[in-house]
Structure formats: structure tokens, C-alpha cells
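Encoded as C-alpha cells, here's the structure I'll be asking about.
Note that the chains are named A, B, C and D in the order they appear, and that numbering of residues resets to 1 at the start of each chain.
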Amino acid sequence: MTVPTMIAQREVFGRTLVELADADPRLLVLDGDLANSTKADIFAEAHPDRFLAMGIAEQNMAGVAAGLATLGFVPWISTFAAFAVKRDLDQVRVVIAQPSLNVKIAGAYSGLLTGFTGKTHQSVEDIAVMRAMPNMVVLAPADGPETHAAMVAAHAHGGPVYLRLARDPSPRIFDDGLAFVIGRGIVLREGRDIAIISTGVHTARAAEACDLLAADGLRPYHLHLPTIKPLDEDAVVRAAERTGAVLVTEEHTVIGGLGGAVAEALGQRRPTLLRLHGIRDVFGESGPNDAILAKYGLTPRHIAEEARLLLGQPRP
Amino acid sequence: MTVPTMIAQREVFGRTLVELADADPRLLVLDGDLANSTKADIFAEAHPDRFLAMGIAEQNMAGVAAGLATLGFVPWISTFAAFAVKRDLDQVRVVIAQPSLNVKIAGAYSGLLTGFTGKTHQSVEDIAVMRAMPNMVVLAPADGPETHAAMVAAHAHGGPVYLRLARDPSPRIFDDGLAFVIGRGIVLREGRDIAIISTGVHTARAAEACDLLAADGLRPYHLHLPTIKPLDEDAVVRAAERTGAVLVTEEHTVIGGLGGAVAEALGQRRPTLLRLHGIRDVFGESGPNDAILAKYGLTPRHIAEEARLLLGQPRP
Amino acid sequence: MRPAGRDAEGRVPATPSIEELRTIAREIRRLVLTSVHHAGAGHLGGPLSAADMLAALYFHFLRLDPARPDWPDRDHFILSKGHSAIGLYATLALRGYVPVDELRTFDAIGSRLQGHPDMTATPGVDMSTGSLGQGLSPGVGMAIGAKLKGASFRTWVMLGDGEMQEGQVWEALEVAARYRLDNLIAVIDHNRLPQYTWPDFGQRGREFPVQNLAGKCAAFGWRVLACDGHDMDAIVRTFDGATRPDGRPTAVIAHTVKGKGVSFMEGAFAWHAKPLDDEALTRALEEIDAQTGLSAPPAGASR
Amino acid sequence: MRPAGRDAEGRVPATPSIEELRTIAREIRRLVLTSVHHAGAGHLGGPLSAADMLAALYFHFLRLDPARPDWPDRDHFILSKGHSAIGLYATLALRGYVPVDELRTFDAIGSRLQGHPDMTATPGVDMSTGSLGQGLSPGVGMAIGAKLKGASFRTWVMLGDGEMQEGQVWEALEVAARYRLDNLIAVIDHNRLPQYTWPDFGQRGREFPVQNLAGKCAAFGWRVLACDGHDMDAIVRTFDGATRPDGRPTAVIAHTVKGKGVSFMEGAFAWHAKPLDDEALTRALEEIDAQTGLSAPPAGASR
């Protein structure tokens, strides 16, 4: 699969479903009437008989997936992250997570950049919610190639996986064919002054922030965590050891998400000065992506500014 | 209201609803067909016209509450915590939390002690989920008197509140008539060796653990946080400053709950060696309370042991 | 030239005439098209199918006062199919809740006119919606609350037919019937298309999002009325019937065409939500204007 | 003395005789009562109302092999009203999935017999349940999966009538009809009581948890059959009809009495779930035994 410099995860999602299905007859896709948004329609065209329309009824969709999984199918649920996580949480808990059934939950349009739809469609707490669920693997790949690799790994994993995806094209970070190991973080940049930890497509913004800091003569360390659960605690501890100050930045509320995971790990293994950057415990709104990132303080410039603030704080 | 030494929060819940309703005609109770379990039936007997049966349909119940709130009523939703949080999360988000409507959500039978019902009914991630929701106040009182006081405060608060309650009688900690200030923690014991932070009825077990430690000549500091959101960060920082080592213990998963909140606060304001104790990212099971607490490691003895382990760790 | 009754700010006051309601509906469609074109985003099929009913509700049936959006005794309205927000905003603007020009802020950052209705942002929006299937339940709450208060207002909820697949709607229908909410009216925009629909693969065919709506609602204990949702006469007659209580909540099943009024959008699921380029806008407006009988578009509408 | 056909381990093999099915149902009731008494917790009303149908399913209708609980071609069964777990466990024990004596571990820590059915714990439990309204959806998944695989097994789902208020059930009914799942059978235990019920206050009266069940299911495109859920002849006849496909999923509405078989529990919502003391157990077993015609309780059953 050749990937252009900017690519939308949803396109890769649709195409990778086809690829996985070509190789594995157990794969089915369940759609919550959003296939032309999520790009599950690419799969629907290629494998009409394995595309199961489930209407606008997310609770039932989760249950149907569970039933299919007991027969040995590997169902992928596809809808917006906001609904995949919150409209069927009790179902995800009781018939997917508790029996640890082999169901993949793909949350499209995560974060704030949801194509002008606004707060009902923005998923600002999905990581916090899914991370708290026993037996759930939580993945948030950074770009197209990593989405592909994460899907391959998710499909090979024998239990429930939540996959957090973004709507709009974002910069390529990785080469095609990268290996994805669930639970392993990736150091994107070595440095000694400050560690920046990020996940999902927001990692591209964090990488840009590192460039800005480097242009100022600083040496940021950048750790990308495409798996939020299970957390790569060793990588987090290493980042803290190298730098003594950790900025976590995410397109997610600052409560309970990647920041929470890092705080829990470091507090227990290596107490380190932290700064948690993300959506400041508010709901979002509609608007163009640039304006939203600017208003909610999530641009590379904002991240760099947070890093400078952290650097200015006295270290304990 | 006189309270015996052991009292069940649900009894106080039922009686306090009556008391609040006597004083405020805006109060209504919505029941998810569990009034004789949650003890909302005490209210149903006293105020039949203000008790709205909603059947076994939690999603609709949340929406009805929102509609009533727009008219100036103050609806209290009553069902098991497992369903109050997870069966209607998208509804809580869209029609309660996003418009910040004046709805109170009482989650009965929280934690693991749910009267032999087992994992579907045990609510091990409700704090993590509700804490991540913007505009939501999250309360978990320790005993009968504090439940009463927390309900008075919750009712007076003009926005959404999640109230986490336990099923079975637990020891009285506070006197009747205590003041409850949303967002304020309570130091139950001063000490210098280690800080123990707890919430909800589990605080009684943490207090017992402190007794065990004190009997060994140790001087634990005990901070009870009946409000998980907004967090009393100052109290948490003080506890850390006093002791240099913080054990958070809760009847909730160790991921994203009170432990997560404390880790986020300390990492940012005063990095301190932490130990997060609670349910170890697993679902529960049925059984008698004693056996469950023993198996899942939540007895006072276990808490004391965790404290000793933390004390044995090298401080950074 | 302004449509009859339009004031200097471009608002249209309430009017009982069928002909004027038709004109207003066409004006709502124009504003939907121009606003979505301007925003470069937004839904089209749903707002266009709902336009006639929104006109009838806001200019004939709802007891309201645009100067007092929070007037407690107003009739309450919930757009449960919240993705049709721009249809509601166009209506609210024409009715005087917000300036018509403000429609040009639709979907913009900081706007009072959010992608989906937000009761904290827009005057006249009685409930936040956008996550489908959620609107009827708050409507049930308002209707129960009205009974508890002895208030005489009615609560109207407009739902999509695709949305009727959401289980929460059936929970709400059940509870509404049990509480005998004869002050609650659900209008179902039965345009036979949801978003991606049930695809045209295999033997299943591209089916309606939901079958036998009338039978289902009746089985749930509701009075069921039906009408052509684009025939203003029929709408007014049927809504009028709906406001005469018979002890039960009432469902009006409005048979509609998704994308109504623009030939290339009608019944085309791809036009559920899609940016509108200049050329498509021009063609669409021409079609609408041909139906209006207006000699020229009102000033500002096609900017 | 053992009931006819009981083997040395206390298990009863499958049997087609109506009279034997009746005996088994009574035995299920005894085991429900003794197990709840022993555990000091558990539900009574629901398991007792379901006992006759569980007997018919597990000893006559379900194609299964207790020695191979995971046999892919077995008929699948989901107890959506999961709080009736002890009724299912008693049945599974009699059928040979777990030792009858193991029922004494019901609700105990570490037991394979959890308070609500747990597919990871109990052999023969095809889906975890306990949160009401969730069981039919996995049943739909199994029935779709069977079609995709070309497998011939049927999927049976037993639901409570109170549970039918959950919206998810109606989502599942809709999707099942659309996929024409004639290999899916829902048995609704229509005992007219949920837990706290709709209270007897004001003018509303203590109403059924759900009205017009048959009409609702039919409106959702299901074939609807009905029977007396305590008349074994009728149950067998009706379930037999349900297994003859007519292109639609089938709902069997079984008219039952909550707490059936124990006079003081029948129709009493307080006995939905309640610990059973020694005296109540003795009275209850006496009543059951009077119906069984057994001269003495089977060994071990009333320990």
C-alpha cells in the first residue's frame, strides 16, 4: 500500500479492512449507518456479504458482534468514537469486555476534529472510559501506515480492542510496513531537556512542537504511545529518567486519558514533574479544524509553549 | 436523624430524599425499577406523586430527567451504579452534562459489594468514567451522615452530580449534621510516615488500616476525599508534603479513579512516590462481602500491607 | 422583492395562511442551501425534507414568543434529528429568534449556531440534540413536567425515520403511553432514507430504514396520524388533529422525500450531508425559486 | 427415591415424555428453592416462572451434548433475563453439565455458578447476561452467524417481560426481522411483574411492565405465538410450532405466573429476590412436592 504524505486514517481503515478480510474469512464488519463517513464503505463494496448493516442502533450492534464472536468470527464494529464508546458502554462491558470476546471496536472521528459536527460528535473522553475497562486493549495510531499496522496487530490479538481513529488527513510519520507491537511505545526523538509524550494523530503536532523547540536550541525527547492500554511503562519511565520533566499532550480531555495513564505509572515507578496538556475538561464545538485547534490550544505552537512552561517550573 | 453505628447508605439515601423533598417541591425521583433495592421506595411511600417509575429503561430515564430539569424540577435518577453510569452514558453526556442540567444521578450498589449479584452488577469503573465527563461533580461519601450531608450539598448544587453509594451497612465515621462542602477533603488522621487517601465507604477500611499501622508504631496520615471531582488538590498536596509517600486505596479499579486523580494532581504539583491500590483491572464476581474483600485484596489488613510495602520502597 | 410579510430585518412574522406557510418553507429551503454552501459543511437531505413541517410548526402551531425564548408557557419543540439543525436555525431566524444574517455563522467557531442544536448556545432551542434517538425522552420529561405543573403547553418532537431504529425511542414511546401524555406530539419525518442506509447488496435490497412505522407506534399505545409532509394543507390539517387530545400521545407520520425541492438531491442518500459547490447551489436555488413563484430571490439569500 | 430416569449422579437424561418434563420442571423448582436457601441470596420469582420452559427446552427441544458444551452445531440458548440464573443452573445440572451438588456453590466466591450467567465460568452457558435487555442481540449475532456458516442450529433467547422495556430489545427485534432470522426464537416469560413494578400509587395502578407484547412483536415483523407457560402440553406444542420456519424470527409469548408453584410467592413482587429462611423453604418444598406426586424429595435436594 503506497501512502501519500497526508492521508486520512479513515481511508486506510477502509482499505485495511479489505486487506485483512481477503486474508481471513473470519472478519466481518458491522456498520452503524455511517459507512460512507467512516469509510467502511470501501469494505462494503469489496465484501458485500461480510458487511453487516446494523442501522442506527449501536447497543444492538455491540451485542450482535459478541454473538458472532462466540462462533469464531472476528467482528469489527464501525461507528463514530462518540457513539462506539458511550452509546453502548454497558454492552461493551457485559458481552464484550467481561467475557473478553474477540471483537474490535473502531471509533471513527475521535477527538475534536469531526467535520463541523460539534460537541455531540466529539469524543473527548473515550480513552479515559475505555482504559478503565478490564480486558480492553486501547490503540491510537499516529498516521496512515501506523493505522494499517495497528489494525493488523489488533486483528491478530485474540480479545477486545478499541481503535481510536481520526477523520481528516494528517501527516505521514512512519514508513509503510512498520511493525506494530501492542504495548510498545516508539521514541521519535532523543533529547535531554524535556520529554513529550503523545498518542494518535496528535503525535504529528507534538513532533512539530519538538521542531519548534529544537529551533530554539532545546533538545526535546519525544515518545509516541500508540498503545494506551497496556501502557509501555518502561518507555515512560525511560523518558522521565532521561529528561526529568514530562509533558503529556493529547487531543482528549486532560482527565484520565494518556495523561492519567502516564501520571499513574510515573507516580508509582518514578515520580517526575509532569504537565498534562489536552482539552481542559470542557466539551468542544463546531468549526474548521484550524480554528478548533487554535481555540482549544492544541496546535504545535501551544504544545511548545506548554513545554517551555514546564521547563520554567522548578524541578523537585 | 439519629444514626446507628452501622448504617447502610441506601437507607439514608431513601430518607434524605424524603427530607429534601419536604423542603423543596422541585425535587422528583426517577426510578429504574429498583426502588426496593435502592431504597428509593422510602421516598415512593412518602411522596407517591413525585416518584416517577421509569421502568427498566435507563436511557430514557436520563432523557426524561433532562427534560424535567429544563422546567425547573430537580430530578434525582436512581438505579444501580453499574447501569446509571454505563447503560445511559451517551444520554448523560448529551442531555445532562453538555447542557449542564440540574440532574442528580444516584448510583446505588457501587463497587464490588452488590449482594451476591456478581460482575454485571459491580461497578468498578464508574469513578473513572464520570470523572472524565466535563461539568460533572463526582461524590462518594463515606458513611450514613456524610451521605446525608452530601445529598444536601448535591441538591443545592445547580448542575449535574454523580453520587456513588454502597449497598450494605458500613461503620459510622462522622457525626450527624456534619457540613459537606463539594470539593473539600477531610483529614481523618494526622501523621508523618505515610499518607493514605481514600473515598466512599472504603474510607472506613482505610481508617481501620491506619489503626493497624498505628498499633505497629507507625504514624499514618489519612485523607478522605468524598468529592472526587472537583478534586481537593491542595489537600492532596498537603498530604504528600507531610509524608512524602502516598497510598491511594479505593473500591474501584486502580485505573483512572481516585488514584488517577491523585496521580495527575501530584505529578503536576508535587511529584511524590505513590502506590495505587484497588481492584487490579479485573471484573469481580459473586460472593459474600467478606470473601470478596479478601479475594480482591481490599480488607484493612491488605491496605496496611500496601502501606508497609510503600514504606519499604526507596524514596526518590 | 421580499416575500409577503417579511420585515426589514428579513424576519417573517407568524401567519396562518397556507400560501404564506408555503412561501416560508421555500424560504427555509433557500436559507438551508445558502447556509450550507457558505459553511462548506452541513446536512442537506434531512433539513430539506423537514422544511414544510418546520414552517407549519413555527409559523402556525407553536405558541411562542421570539422575544422571550424562555417563556415557561411556550410550546416546547425538540429537533431530535439534530443533524437537521440548519433547517431549525433557518426557521428560528425567519421567526425572529436570531438575525437571518447570523445563519452565515453556521458551523463557524464560536457561533451560536452549532453543527447540532445546542440549547446553551441558541435562543429558542429547547434541548440539545445530535446523538440520534435521544430527543423524545426529554420531550417525555417536559410533557410529564407540564402535567405536574398544571401547565397547558404542548411538547413537539421531530424525529427521523432512521433514528427510529434507536432503542431509546421505543423506551420513550412506552413510557409516554403509560403516563398518557396527550400533551406530547412526535412528528416523524418519514423520508425513507437514513445516512448510508441498508445497502443495495445481496438479496436484501436498499430497504427503508424502518418498516411499518405506523403499526409500531400504534402497538406502543400511541395515536397515529399520517400525512404528506410536503402538502401544506395536509400538514396543517393533520397537526391540527394532533393538538386535539384523546388521552394518548400522538405520532404524526409525515411521508416525505429526503432532499425535497432540489431534484438532484431528492431520494439520493449521497446528499444526506455534503458540501455544496457554487454550481450546485445555483442550480438548487433556481429550482427552489421556480417553485416559489417569487420573481427574484430575496436580497442577501444567495450571497 | 429418585424421579424416573435420574441416574446415580442425580442427572436426568433428555426425554420426550410430557409427564417426565413436568417432573423435571418440579425438580428444577426444588433445586431453585434449596439453592437460594443455601446461598442466602438469589432470585426466586423469575426462575420459578421459567422452570417449565427451561425443562422443555433442555430436555426436549435443544440439540445439545452435555459432554461437549462447545459443540459448534449445538442449539444455542441465551438467558437474557440473567437474574434467573439459578433456574438455568438447576436445569444444566439435571441435564449433566455440572454436578447437581455443585448447585450448593451458587453465589459463593470462586464458584462456577455466578449470581448471573457467566459464559467464562459455567459449561453450557452460551452468553453472559445479567444486565437486562442485552441477551437478544447476541442471539441475533448467533443466528446471523449460523446463516453465514450454513449451520443448521437454532438460537433460543429467553427474556423477561419487564426486560422488554429496554430499548435494546427493540433494536434487536428490528434487525432480526430485517435479516429474516427464521433460526431465532425468543421466548418471553410474560409473568406480568418486573422488580419494583409500576407502583400502586395515584391513578396509574400497578400495571403490567409492558402492554400489548404480542402486538408490538408482530409490528416489528416477528411471527408471534403464545401459550400458557406452565402447561407442558401447550409449551411443547408451541415450541414445536416455533421450530417450523416461516421466514421470520419467532416470538413465543408465554403467559406465566411469577413465583409459580409456591402459593405465597405467586404474583408477589416482594419475592422477586429474597433470602429464604428455613420455615419458608419447608413450606415451599411441601407445596412443590404436593404437585410432584413424588413420595419423598430426592436425596440431597433439601439439605
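Simple rule for what comes next: contacts are C-beta pairs under 8 Å (C-beta built on N, C-alpha and C of every residue); 3 or more make two chains touch, one makes a residue touch a chain.
Nothing here was measured: the structure is a model prediction, and the numbers come from that model.
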{"item": "Shared interface partners, meaning chains that touch subunit A and subunit D", "value": "B, C"}
{"item": "Taking each chain's C-alpha mean as its centre, the one farthest from subunit B", "value": "C"}
{"item": "Averaged-CA centre spacing for the pair subunit C and subunit B, given as whole angstrom", "value": "42"}
{"item": "Averaged-CA centre spacing for the pair subunit C and subunit A, given as whole angstrom", "value": "35"}
{"item": "Distance between the centres, which are taken as Cα means, of subunit B and subunit A, whole angstrom", "value": "30"}
{"item": "Interface hub residues of subunit C, defined as touching at least two other chains", "value": "118, 128-131, 165-168, 171, 174, 178, 198, 210"}
{"item": "Residues of subunit B touching at least two other chains", "value": "49, 55, 57, 59-60, 82-83, 87, 90, 93-94, 98, 119-120"}
{"item": "Pairwise touch network: line, ring, star, complete, or other", "value": "complete"}
{"item": "Touching residues on subunit C, where the partner in the complex is subunit A", "value": "39, 41-42, 82-83, 107-111, 114-116, 118, 128-133, 162-163, 165-167, 194-199, 201-202, 209-210, 270"}
{"item": "In the complex, subunit B residues that touch subunit D", "value": "31, 33-37, 41, 44, 48-49, 51, 53, 55-57, 59-60, 82-83, 87, 115-121, 285-288, 291-292, 295"}
{"item": "Complex contact set, residues of subunit B against subunit C", "value": "28, 49-50, 52, 54-55, 57, 59-73, 75, 90-91, 93-95, 98-100"}
{"item": "List of subunit C residues in touch with subunit D within their complex", "value": "165-171, 174, 177-179, 198, 204, 207, 210-212, 215-216, 218-221"}
{"item": "Subunit A contact footprint on subunit D (complex, rising order)", "value": "72, 118-120, 126-131, 134-146, 148-149, 155, 167-168, 171-172, 174-175, 178"}
